[in-house]
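Once you've had a glance at the structure underneath, I'll fire off some questions.
Read from first to last, the chains carry the letters A, B, C and D; within each, the first residue is number 1.
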Amino acid sequence: MARIGIVGGTGYTGSELLRLLAGHPRAQVSVITSRAEAGQRVADALPMLRGRVDLVFEDPERAALAECDLVFFATPNGTAMQHAPALLDAGVRVVDLAADFRIKNLSVWERWYGMPHAAPALVDEAVYGLPEINREAIRAARLVANPGCYPTAVTLGLLPLLECALIDATRIIADGKSGVSGAGRKANAGLLMAEVGESFKAYSVAGHRHEPEMEETLRMATREQVRLIFVPHLVPMVRGIEATLYAELRDADIDLYQVFAQRYVNEPFVDVVPADLAVETRSVRGSNLCRIAVMEPQRKGVVVVQSVIDNLVKGAAGQAVQNMNLMLGFAETDGLDGVALSP
Amino acid sequence: MARIGIVGGTGYTGSELLRLLAGHPRAQVSVITSRAEAGQRVADALPMLRGRVDLVFEDPERAALAECDLVFFATPNGTAMQHAPALLDAGVRVVDLAADFRIKNLSVWERWYGMPHAAPALVDEAVYGLPEINREAIRAARLVANPGCYPTAVTLGLLPLLECALIDATRIIADGKSGVSGAGRKANAGLLMAEVGESFKAYSVAGHRHEPEMEETLRMATREQVRLIFVPHLVPMVRGIEATLYAELRDADIDLYQVFAQRYVNEPFVDVVPADLAVETRSVRGSNLCRIAVMEPQRKGVVVVQSVIDNLVKGAAGQAVQNMNLMLGFAETDGLDGVALSP
Amino acid sequence: MARIGIVGGTGYTGSELLRLLAGHPRAQVSVITSRAEAGQRVADALPMLRGRVDLVFEDPERAALAECDLVFFATPNGTAMQHAPALLDAGVRVVDLAADFRIKNLSVWERWYGMPHAAPALVDEAVYGLPEINREAIRAARLVANPGCYPTAVTLGLLPLLECALIDATRIIADGKSGVSGAGRKANAGLLMAEVGESFKAYSVAGHRHEPEMEETLRMATREQVRLIFVPHLVPMVRGIEATLYAELRDADIDLYQVFAQRYVNEPFVDVVPADLAVETRSVRGSNLCRIAVMEPQRKGVVVVQSVIDNLVKGAAGQAVQNMNLMLGFAETDGLDGVALSP
Amino acid sequence: MARIGIVGGTGYTGSELLRLLAGHPRAQVSVITSRAEAGQRVADALPMLRGRVDLVFEDPERAALAECDLVFFATPNGTAMQHAPALLDAGVRVVDLAADFRIKNLSVWERWYGMPHAAPALVDEAVYGLPEINREAIRAARLVANPGCYPTAVTLGLLPLLECALIDATRIIADGKSGVSGAGRKANAGLLMAEVGESFKAYSVAGHRHEPEMEETLRMATREQVRLIFVPHLVPMVRGIEATLYAELRDADIDLYQVFAQRYVNEPFVDVVPADLAVETRSVRGSNLCRIAVMEPQRKGVVVVQSVIDNLVKGAAGQAVQNMNLMLGFAETDGLDGVALSP
């Protein structure tokens, strides 16, 4: 069994890593850290893990992370860039679930994240951990930047169109919707159930950090200059992201379903759905799948893509485990074969 | 007190009319019909009205609707066109909350609603009941077609831009989201809470009946040919519609907030909100307001409008009462001054 | 118009007072304070009040509270007892929506609330503001202790049984359920929607502050020694309390519906519902009603009472306005005639 | 691999069986029937199973159920009693997830279920499938009656108290709360999200079919005459049952936690939680666990038990698979080791 470490285990991505790795046949969490909860039993903080996880949160300064084969950073932005270098030097592979290594353009990163980067040299080395575009590079990577949740849903929904140059890349609209777990587990009056239950709203309309990540990823993957307008919305539910994507088609008479189906025919975690079936977030809840439907409504020259993921799985911890599987030479689907929980 | 009739009182728009009219200073419901519930006390079927409404559902064939000053049809599509003519002949004013008289182009209507129209002559006469564009015509109308819920939110969100020719009218995206009460109170396994709770999805992506209504209304109001892509989504909440609207700006350097604020400065039920404030559906829950925010994110040349309403109030029964107030010469805000219920 | 002050206007009870008083015919909020938000426009913090409330939050030290006819304290426990004495001395009537004056037994109060009482003399004077038992005393009171949310639902559900000595008062079970707004608007990770959405749990099983309040109120109202077990639960919804009450009947063959109907026949805000109708929280959402149903299931000798209120209305701000109406000589229902919002 | 059949595969218990068995190491669904959906691909009706289940719904009359090792009936009440006899005669083991064989007392069963029993001889033979009381009998059984959802939560919560004669068995209160999936997937206007979202209510207060099942099971297991009052409630969430149980303690000074911990020390699917930890439904969502906490609040002589399960797993399909594992000689936890999905 590979020895796995998790830095920052009390948030939702950390606990979701624990859930997924509890059933993994070839990897085992041997160290988990939490500065605030050091000394507490994991199963006391996260009752769904009672009887399944016997670890105690350790202080990150003293934890034997360097003895792990691979360490996940499930920490706020700005943490992994401080601590990953030492682990990499010690020969540990690293997957950062935060944003520290997602954007190659340092000045863009620093503007959106509001801090200087502590490890600029590693930004170049890091591989963007979307297996559907970077599978081979991920296998070889020391350091993987796990993609953001919205960028995963949006990028997978646009890739086939951009790779085949089927759309005007400068006029893309991405209307994103996320359950509230995407905002994390911080005390925040704005995310109380009494504030966000039974209501719906857009947020960060003026600009969201995931927009430059999407634009850079799509440009690098397709060599097209991309101008994308992204507006995220908050849905009164816990898990799930849906992105509805709009773009102008360059040509009529394209079998859009076939374009997508062929692009993803060998992808274990992308399911292209015939347009007459529903694509709903609950159909992927708890699973690592991205489900996509595509059509040109009313033949008006605009393609509409629906893309759904579980923001904590394919949008975070599941994709991180998928990356780990690739990095450590396991089967890509190991530990990721749970069926979605629906209803 | 004006004598008011309601045809079809057991659905959500019917019960919302009863709620609003229970507090109206100049109008009183004197007749309410329901074929299925004839003979039952209204307050037994709708317990929130216990102690406030003392009516009994009557059979529509026998009810004294012709003695009313105004009758609301809160019925499925295709009913009002059968029964409105006789009432109009009897001198009764009529507001149809369904779609029978919303679209002037009969062939478009018949294609989308799948039936021949029973009263084509009245289609021409009917006034589209959006006071923000047709106030004076509504005052004089015998027959008002109350707008659809999505069209209300979308039209109010686009009008200022189109009237001032600020956007490319042929490239508009309307991403709509609605609470589940918009689907009505019919037994439908697809709308069980176990099916739609904790989940999010688009629906009717191939085409929704409200799209031609939006296009026709906007074209008539602005004399611009409009091509609009509309995708509705189902939100796991009961009440509320949010529409996020996207269009290409023709010019830079426009004070979008001022354009909207001036367009609606005298409108009692449209509130243009500075872009730094949240526009959430709960801020209008139970009230007749449409709240709108507008901005050009990142100066990318695309305007983003957020428009929120309560689908059962400004999107249905509240707007119907607003129309009634205009038709009967009351103050436009009579009975519509309740503050939104938030949280 | 009476001049009304609100101390602590940014929480849910404060904003609900503003909502209800915005429609009150004889009272107007003239001062509202918030230490944290002093200087901010109320309508910017509480967008549902845009266009309806033109006040600015004032610093409580400088606000002209002493010029009000009546002041509501919508503050955390322990605040009103500090500041009410000076206002009372200035001739201002006071309603405390927190717990400072709810329990006559000081040592019980100090044990449950964990602080010494700052105004013990006023505890005796204060009138417990449940109009259904203390209406005349409330009219004359300088200081009213507005009841807790659970105690309102539980007390109204048990009063007829205890007053008529129909049950064993020493074996009462009160199983309470509340929406999340009952916990207030404080940043608290435990009340994030991602923590409490799609889940249900009991809390404070070891003991809840409302239990001694219920026992004392029932004992004082009925002169019976009461032993009551109260377990509250958190429901994944925003508003509403339901209490299911169980007690051993002393006699068979009692028409329980009649007992309740007669007890509350003149009460404007208690609605006794025939047992075959549903008693659901949404039937009182936004309204000041308490709806109650009572039955003896299967004739097993145990009475079961269901009691529902809106925790923010009859359980807090609505009952406070009802008390204000009594204190200032207005009609008891002034400003409280809105129909519940359902669905 | 054992060959498994499912009769009635389109409801929630059927689809949950498919989800659990998709990951079972020793059993495989080879036949699934649905009269209404015969001929349709399972994965088209249940999109979360796309890529995981390749079956087609078959007509029950023609399906090769007799060739299965074990057949689950996930059908409405009254179906299994018609069809189980022939299968049993063919040597097939049967687990009925409905109520046909749960109650030994036929006249009680017929009164509550409103139909004559079609296979009374099998009622005696059937084993009540609660492994925590009938494990050895289940191993040997041809026919297992899978317990109701509420009875599972309530029985496991009361067993230790009754087996040790710690409580007055004639004064038990069971206040149950269930998510809406418990009501199944039938078109029913009363279970629309617009009807039950954002609301809470008791139902079947006059009497619920699970009450006689609980009383009989507890009496048979403990040889005590049991009088239990059971009131179920509907929670606005999809999955989960919580039961709060109240009973009079016969003696003081009992270590209730130890009583429960020892009773269930060897049970793989019952987790007794220290009373200071939360017992919430989400901690068991998707898993086969029953989590229980017990305490005597305020030392008032009343024990309070909280018991939570996922109504579709330990309350239905998971327990059925647990029974299957016992019947077919597999490890009891095979296919049931998924960690609960939380948040």
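Details
Methods note: a contact is a pair of C-beta atoms (placed from the backbone, for glycine too) under 8 Å apart; a residue touches a chain by one contact, two chains touch by 3 or more.
Keep in mind that this is a model prediction, so the values were computed, not measured.
The minimum number of touch steps separating chain B from chain C is 1. One of B-C, A-C or C-D repeats the interface of B-D: more than half of the contact pairs, counted by residue number, are shared by A-C. Per the C-alpha superposition, chain C sits rotated 180 degrees relative to chain D, a value rounded to a multiple of 5. Averaged C-alpha coordinates give centres for chain A and chain B that are 39 Å from one another. Computed centre separation for the pair chain A/chain D is 36 angstrom, with centres defined by C-alpha atoms.
Chain C has its Cα centroid 45 Å from the Cα centroid of chain A. The set of chain A residues that touch two or more partner chains comprises 12, 179, 181, 194-195, 197-198, 236-239, 278-280, 282, 285, 342-343. The touching residues of chain B, when paired with chain A in their complex, are 171, 173, 175, 177, 179, 194-195, 197-203, 205-207, 211, 227, 229, 231, 233, 235-240, 242, 244, 246, 248, 275, 278-282, 285, 293, 295, 297-298, 300, 302, 304, 306, 308, 342-343. Of all residues in chain D, those touching chain B in their complex are 12, 179-181, 183, 185-189, 191-198, 236-238. Considering their complex, residues 12, 15, 18-19, 22-23, 44, 46-52, 181, 197-198, 238-239, 271, 273, 277-280, 282-287, 291, 312, 337-343 of chain D touch chain A.
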